[in-house]
Amino acid sequence: MFFILITGLLLGGTYALIAMGLNLQYGVARIMNLANGEMLVAGGFAAFWVYTAGQVSPIAALIVVAPVAFVVNWLIYRIMLRPLVKRAKSRGALEVDSILATFGLSFALVGIMSWMFGGGYFNYSYLAQRVDIFGSSYGQNRVVAFAIASLIAAGLWLWLSYTRAGLNMRAVAVSPDSARLVGIDVTAVSALAFGLGGAVTATGGALISMFFTLDASVGVLFTMKALIIVIMGGVGDIRGTIVAALILGIAETFVARIIDPGLTLAAAYVLFLGVLLFRPQGLFGKQPT
Amino acid sequence: MKRRSLMTTVAAVAVMMGSLGAASAQDAIKLGAAAPKTGPLAGGADVTHWPAVRLWVHQTNEAGGLQLADGPALIELIEYDDQTNPQQAIQAAQRLATQDRVDFMVAPYSTGLNLAAAPIFSQLGYPQITGTNVTNQQPELSAQFPGMFFVLGRTGVMAEDTAQVLVDLRESGDIGNRVALVNVADAFGIEMSGISRAVLEENGFEIVYQTSYPLGTQDIAPIIDGAKAANPDAFIAWSYPGDTFALTDQAIVQDFAPSVFFTAVATAFPSYYGRFGQQAEGVMGMGGVNPDDPAFQAFAEAHQELAGQGPDFWASASTYATLEILGQAIEATGSRDRAVVMEYLQDNSNSYETVLGPVQFNDMNDNERYWTVGQWQDGVFRGVAARGRDGVSDVVLKDGWD
Amino acid sequence: MSAREIRNLILSAMAFGVVALLPFYDTGYILSIATTMAMFTVLATSWALFSGPTHYISLATAAFFGLGTFVTGYGFQTMPYWSLPLIAGVLGAGLAGLVGMVTLRLSGVYFVIFTLGLAELVRQLVTWVQNRTGQRGMYVLTSITERDIYWQLLGMAALVFLVGWLIGRSRLGFALRIIGNDETVAKHSGINTALAKVLLFMVSGAAAAIVGAMLAPRYIYIEPSTAFAPILSFQVVIMALLGGTGRLWGPVAGVIPFTLLWEFISRHAPNQTLLLLGLAFLLIVYVLPGGVVGLQARLKHRFGQGGH
Amino acid sequence: MARVVLEVRNVTKRFGGLVAVNDMSFDVTQHEVLGIIGPNGSGKSTMINMISGTFPPSAGVIRLNGQDVAGKPAHRIAQMGVARTFQLVRLLPELTVIENVVAGAAFGHRRRWKGEAERYAQTLLDRVGLGGVMNVPVSSLTYINTKRVELARALACEPEVLLLDEWLAGLNPTELQTGIDLIRSLREDGRTVILVEHVMDAIRSLCDRCVVMSSGCKIAEGTPADVLSDAEVIRAYLGADEDA
């Protein structure tokens, strides 16, 4: 039982890494970023590259990966997505446009990555030793990734709750129009959120590359997971994303271990569809008025 | 790796420019190839398919091309990305045939894409010599598509031989009766697992744990935990690359070390040993080669040189062999006329010298001599079971991970 | 029926007639592209029948399409071939009805993600059932040629256009336009919005399932990962939006250029296909908002032909 | 005694812990114009929304011509004969003026389609004074004209009861007079109308009877003159003013 719980938590940590960035991007900047998974893979590739080329630990590599990802995503928002936001007449129109644009972007990113790195599988061995908790063994790399995921989650939550910039961000998340009325520069905040989201996602990718086998085309799998978790948790609420990620992790592990591993993904979708049906705004979302 | 892709791009551009330019080498034999460069199977094609194809073209041209009746002809390779999409595979084959007017085509990569492209190959009269297609439907397929040839082997045989390895080990008293059997839940995994189970049970093995997991699963901890709890003597996983790595990784982490540890696709990849190093010793997988065979050694060396990576120890060689067979058929007939070459290929009295050893097709266009099970021994993935091949090595028991 | 409608009807019938002659001209490359176009024409047009007026973006096309291919896969040996698309259509409509009843109260992005999740769920369940029953990948070995498939798809396209045209003239079509404009007003004007949406969703689900059933012989080898590939859903959405959903002919105006563009890029840049497709995609989004229909409307407006 | 068209009995609406409407009861008789008035947040709109079926009441009964409609979906209630306008005008932006009105005629209490619906819509547009602008897009209309279109759409349903939710709000003084005249003419047609309104002049001149709400409860009922001089009503309004 401990095994299921801990394995589930570790998996949930991984999922949180995948989804937290998208929550910021979708919740605050209102961009349904279908290129999220590609950004994650790019983070993983960066970590792989510094590890194999320079024997630099993927965790140390975060010092470079995160800021670079921030700048890249910030630029993507300012240059590519801002015009869409400007021209959108309604939130629905923006959703359609951003789905299309980021879908195109995801193609382009896969193209760039397979051009630069080839189409092959990427993996390496880092911290693959075992660590014993309550009599069962787990991969050190997963435990480390979980710890960092927790740090990021706690950091984000504290920042969003207790700083001026975080408050602005939450205000934009709740209502961009009202935020504008109280003098918040919505564009700047959205760009910041999008960049930050990208940085978190790339960080997740770098950590996940320690134990997942990646290739240039695999991003879409992560995008789907992230979408599910964000919607399940409630858009624009970081706690929701984390809770949803952990629930999903534990539920999948439970199904895989007790019922049938063949139903793992089916169970995830059933859970997700169930949440949507009975609580369409997500576990932590506000009831729309 | 980056440089390599860049170079191939430059080369491709150069070829394109060249073909746009004046004399597009009138006597070159055009060879078309459509296989994944993107999409879910791109990773596998990048290891197994593309380098082998390019290597054969490169070597053939280095050697002055193929000898036709009216003199030698170089090979011009035209590559397309089928995006791992059957729809695109069909269209790419059409395009190669009717727009680029290629003389011959390389068979696509993977079972599904080969089958999707089969009607087009057949309709247009191109021989389809497959090197990465494992199926049990040879009788039906060769009846429907008489130009389709099978080099890699039959699923049923692969599963039987894997079971046979266990039978042999049990008879020599090395392992007991308990087997854990898992599979990736797609057509390949389901078929292999079904046959293994039947054969193992026939032979009195006890399946103490059996399960499947969805395609794309990399969170495999619960499966290894379940398998470990069942305490088997042998662990057999009909897996794909991503999960092959994940299963091994988790087995190491949870210290699940049965005497036989078998994972399927990608176990034979050099990157498998690259990732797990010493820990991969004793792991078994599909395929295998005879690494002591000079023909294979030469192939591996040239592969390493051209592609910057070694071949995998299974289907790389069979992909390469499909082109050797095609080349030999062309040279034997001295013709680039597909109908003539096809007739030669369909004549089962002909045989071919390949990196796999001699190959001859039976009346179902099937090659009956191939490697079935391999095992990592001293950094090489040696064939430990085969049909009709020499140089089979002895199986060793896996002795823990550390 | 107005004179203009009669004229359009005759013109459309003539266009279909001409297009149907294509296999006599070429049965190779051009036919294979045309078959792809015909397939996406049916999928995108039927998608737009539902999504155009309601503004619901459905990513469930792959679920219905996959369902259809599996109907053919299971049934082609035991049942008369002509019955398979019908069965697929009924099952597709049934699944769509079921899903529609529970989900169409979700709006916007929730519906989008739900339909995406649905397609994946169906795929997982089919895979699991196959695995439990020891079912392998299915081989659909038939004597049906690409030409047959092409004609079937054309017939289906004609049917979808006819249905679309009839719906457009009917109360149901008008109701959907109202729903797309303002669902609250629609309800308070006496429109059973849920029923209207479910009906249309069923039409588009049935069409996608029928297309799947027709295309199965082209795939030969059917397995869930290709039959339910989510990329299909996205392609359909992109093509329909590129064309524009405001008019019945809109999606076709997206399907044709997009298929040609895809083919052109695949052919001329085999190593950068996805990169260029992605860029082309972005270009479309930025340069052609509202799709070809929107462009046409703007041109009309500019040259002053749009007077009422 | 005129026939009772709409009966509201002990209707309560709770949102979570908040009681928006508390045990309301009143009747609307045929050909009557009933005003519902009260300070902001007193539950008027919630009452209208329950009658038209936007959401169901938490408790109580609403009868239309003797049939219980409480909790029925909005489209059923519309078909049974309740039409409404909205506090913030809601037109169908992609449709022309006449199509907006046909939208009401095609699915409402008495259904009309095609030529019949269009002819009917035309007469209604003439009736509200928009005969000349039938085929223009609604985006080009002036504010009062959008209100007229919305009114025509509601009338096109041929409702048993017409609910006007602050239909006069936001009009300038000239427009207001036009608006009041228009509603008065409806009254003269013998329509049954429930009017939620803030404009006191309108209430005085249009309503046969008024129901006054405060904090979700009915605090007075009677002729406009009576209720507007009622001490409790005045207190409720002044109290609300203090809060505002």
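Each chain carries a letter (A, B, C and D) given by its place in the written order, and its residues are counted from 1.
We adopt the following convention: contacts are C-beta pairs under 8 Å (C-beta built on N, C-alpha and C of every residue); 3 or more make two chains touch, one makes a residue touch a chain.
Because the structure is predicted, anything quoted here is derived from the model rather than measured.
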Of C-D and B-C, whichever chain pair has more C-beta contact pairs: B-C
Innermost chain by mean C-alpha position: C
Centroid distance [mean C-alpha coordinates] between chain D and chain C, Å: 42
For chain A paired with chain D, centre-to-centre distance based on mean C-alpha positions, whole Å: 48
Averaged-CA centre spacing for the pair chain D and chain B, given as whole angstrom: 74
Gap in Å, rounded to a whole number, between the CA centres of chain C and chain B: 36
Interface hub residues of chain B, defined as touching at least two other chains: 9, 37-38, 40, 185, 212, 214
Chain A, residues touching no fewer than two other chains: 110-111, 114-115, 260, 262, 265-266
Chain-level touch network, classified as line, ring, star, complete or other: other
Complex contacts: residues of chain D adjacent to chain C: 52-54, 73-76, 78-79, 83-84, 86, 90-95, 102-104, 106-109, 111, 113, 135, 153, 157
Contact footprint of chain C on chain B as seen in their complex: 8-9, 12, 16, 37-38, 40, 79-81, 83, 85-88, 90-92, 94-95, 97-99, 111-112, 115-116, 118-120, 123-124, 137, 140-141, 144, 183, 185-191, 194, 212, 214-215
Residues of chain C that touch chain B when the two form their complex: 28-29, 32-33, 36, 124, 127-128, 130-131, 134-137, 139, 141, 145-146, 218-221, 223-226, 229, 231, 263, 266-268, 270-274
Of all residues in chain A, those that touch chain C in their complex: 32, 80, 83-84, 87, 91-92, 95-97, 99-101, 103-112, 114-115, 220, 224, 227-228, 231, 260, 262-263, 265-266, 269-270, 272-273, 276-277, 280
Residues on chain C engaged by chain A in the complex (per definition of touch): 55, 57, 102-103, 105-106, 108-110, 112-114, 116-118, 120-121, 124-125, 127-128, 131-132, 230, 234, 237-238, 241, 271-282, 284-286, 289
